[in-house]
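Letters A, B and C mark the chains as written, and numbering starts fresh at 1 in each.
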């Protein structure tokens, strides 16, 4: 029983990260209606920036916040410079740009900081006995912090999207920018905001999880795929759904990987992917996504 | 030319009844104009006949063929061709290629033949010449090698017609062909449709808002409102039908 | 002499121009082994193998407009099928390559089926998932595939008795020629498909699906078969990679390979016939050169920046840029069919299945699917 709980908690912790990154994907989607394949790399790069800030003397928390702020600005700039000029509906071109961005950030981090893993300290005490006991497993403070921050961010975004005019405007401008403009909405600012928020969220994730994953250029690779799966399952326009889906994915994958030996650890990720594929077959626009209706 | 029979066709979208027991018959070689206010169900009917939609009830017969048993990509082979309101053209291709594309159902080169190059060259030359002749017929041959983008709307509409005709259809469905055209272009279009029907031997169903044009070229007119047929007959008859007048102009208060 | 020079399609100048290009390529292919040393030749072979994979990807993404973020999977299936069949089960190389391609075709069709239901970003995710799945599967079934430790020992031995191919250098030359032939065949397949009726089906489906369907194009059939063929070509590349490098690990067929293929396609020019070859060479050799210049994966930065720049500046890639440049010098003016041909069409049957009485007119068909700029006259 203890083992089961330990595995659930383990999966839960992974799922939290998936959901967190999925939130960033949701922000971009809400902002401009696209999938940002470079989201993970942006988060990774921000984590490295936090490292750099810390290395010049900032305390951990400030370094992370600094990276978040820089990420926010950078996200907005990326949208302004790389995405907006391509216009609405240039899906393929935008996908290519995000792939290019992926490469630049991934390789760039390697060029700037070298290929060796770096250590980034945790924001809260993380000595071996800094944990809370939970039904026989140890919940480390850092994990609890990540969860807490995730819940705060998720709630904030949910409230933003659902109850503010800005949030409503975001949904409209992503889907139909021309109508939005005619209604007086400041489409450009809203698009940038989506990307800026996403980058900020990503920076937050990166900064918080790097202590446990060690800081390497490949750290976000896997997470992106899970995050994309989570956002698809939970709905690209639903912060709560994406987080919930992320957590469910994390737990499911871990349990299936542990208890079905045929799957083992190699195919754990495959579980998430198979679920993703299965869902998309049945509902091609995701579990909670809104269906797009085309007029002939 | 072929005979089109629509029998008691009904279609619902959620709570909205787009088609309500609609029946109509178009005889061989006739031009039938379909009119009605927006939302009357004209496009829905069109889409049912071109098999984009599957109606909930009713039948559609092309001579003896049950059209509803044919999948969307099969209607071309059965002699049905349609144009689109917003142009069903292919911007990557030029005028000649667009027209050649329209001849798709008549060709035979599939994947296997393309790879083995059996008879391909000859078929290509045939289709190419045939498409060119069609462009000449519609006076577009000077644009044969121009990309089908960035041309005036009226010109593209004629290309759209060429594309549809390239399949040598028996039944031609025209979806608001006069939309976006100038007065002169509309007159030209009307003459072209008549010429096409006369010289190529087609049955034509057209949906149109431009009253003068529809009344001018149709042999029979069918008026719809709220998914039902409200009038049917010669243009003169339908024009004066009280329900038609009411649908467009309203009734005295 | 005013530029651009106009040449009538089908004229003798045009035909000699085309013949000249073909001869030039043949010359290049045949003299290369003499001009470079063995190591460089095997590098060139590596780039050509990549080119084959990009040709496959280009058919799917460039021509048919279907995003594929998982093409490395097909490369991997081809590679591992050949590897396992030759090393573990002792089949012949050619048999294994064909088997690999067949398997890839089937898998491609299977993957293509869900792709029918799914659009845009979700299609990207589906293909991404497939691409990421393969290395996991390879690791999991390691008794068959060697897992993370890898699969070794694949070779494609030169036929005996031909002195040209003797020895280590000869083996390299042999593989070079095998690859060149495979590349030419792949390009020929794509060319044959994309010019002509099938090409029209693919392009119309890409440009306007509803209109294409109404015109008779069977969306499901065309899309899945294209997926299958594209996968088979990538599989061919994978098989050749296996025998060329002799080693296979799951890392070689990871997401990174897909990204490389995509970048190569974009750089070379998606939707062009020669672009994939240019792109593959760039992708292969730039990292080789930059590793001499600096530490670190700077080639990644370069590629990323290039992709972004190209999207804005040169969407047609290198091939597109070169074609535009070439058009400033020479334009091949397409010719309409002869009057004789046109007159004959009025007596054509509606169904062209029974081949009409042969045309006696001289061929004026312009095989370029995208003829040059507007007619100068008229």
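The definition used in the following text is that contacts are C-beta pairs under 8 Å (C-beta built on N, C-alpha and C of every residue); 3 or more make two chains touch, one makes a residue touch a chain.
Since the structure is predicted, the reported quantities are computational estimates derived from the model, not experimental observations.
Of all chains, A has its CA centroid at the greatest distance from the CA centroid of subunit B. Located most centrally within the structure is C, per distance between chain CA means and the overall CA mean.
Chain geometry summary: the mean Cα position of subunit A and that of subunit B are 49 Å apart.
Chain centres here are Cα averages; for subunit A and subunit C they lie 35 Å apart.
Between the Cα centres of subunit B and subunit C there is a gap of 39 Å.
Under the contact definition stated at the top, the residues of subunit A that touch 2 or more other chains are 296.
Residue positions of subunit B touching 2 or more other chains: 52, 84. Residue numbers of subunit C whose C-beta contacts span two or more other chains: 210.
Chain contact summary for the complex, subunit C toward subunit A: residues 65, 67, 114, 117-122, 124-126, 128-130, 132-133, 136-137, 139-140, 210, 255, 259, 262-263, 266, 294-301, 303-308, 311-312, 315. Against subunit C, the residues of subunit B that register as touching in their complex are 50, 52, 72-77, 81-82, 84, 88-94, 96-97, 100-102, 104-111, 114-115, 117, 119-130, 132-133, 136, 141-142, 144-146, 163, 167-168. Only residues 34-35, 37, 82, 85-86, 91-93, 95-97, 99-108, 110-111, 114-115, 221, 225, 228-229, 232, 264, 266-267, 269-270, 273-274, 276-277, 280-281, 284-286, 296 of subunit A touch subunit C when the two sit together in their complex. Subunit C contributes residues 189, 192-193, 196-198, 200-201, 203-204, 206-208, 210-219, 225, 229, 334, 336-337, 341-342, 344-346, 348, 350-353, 355-356, 358-359, 361, 363-365, 369-371, 374-375, 378 to its touches with subunit B in the complex.
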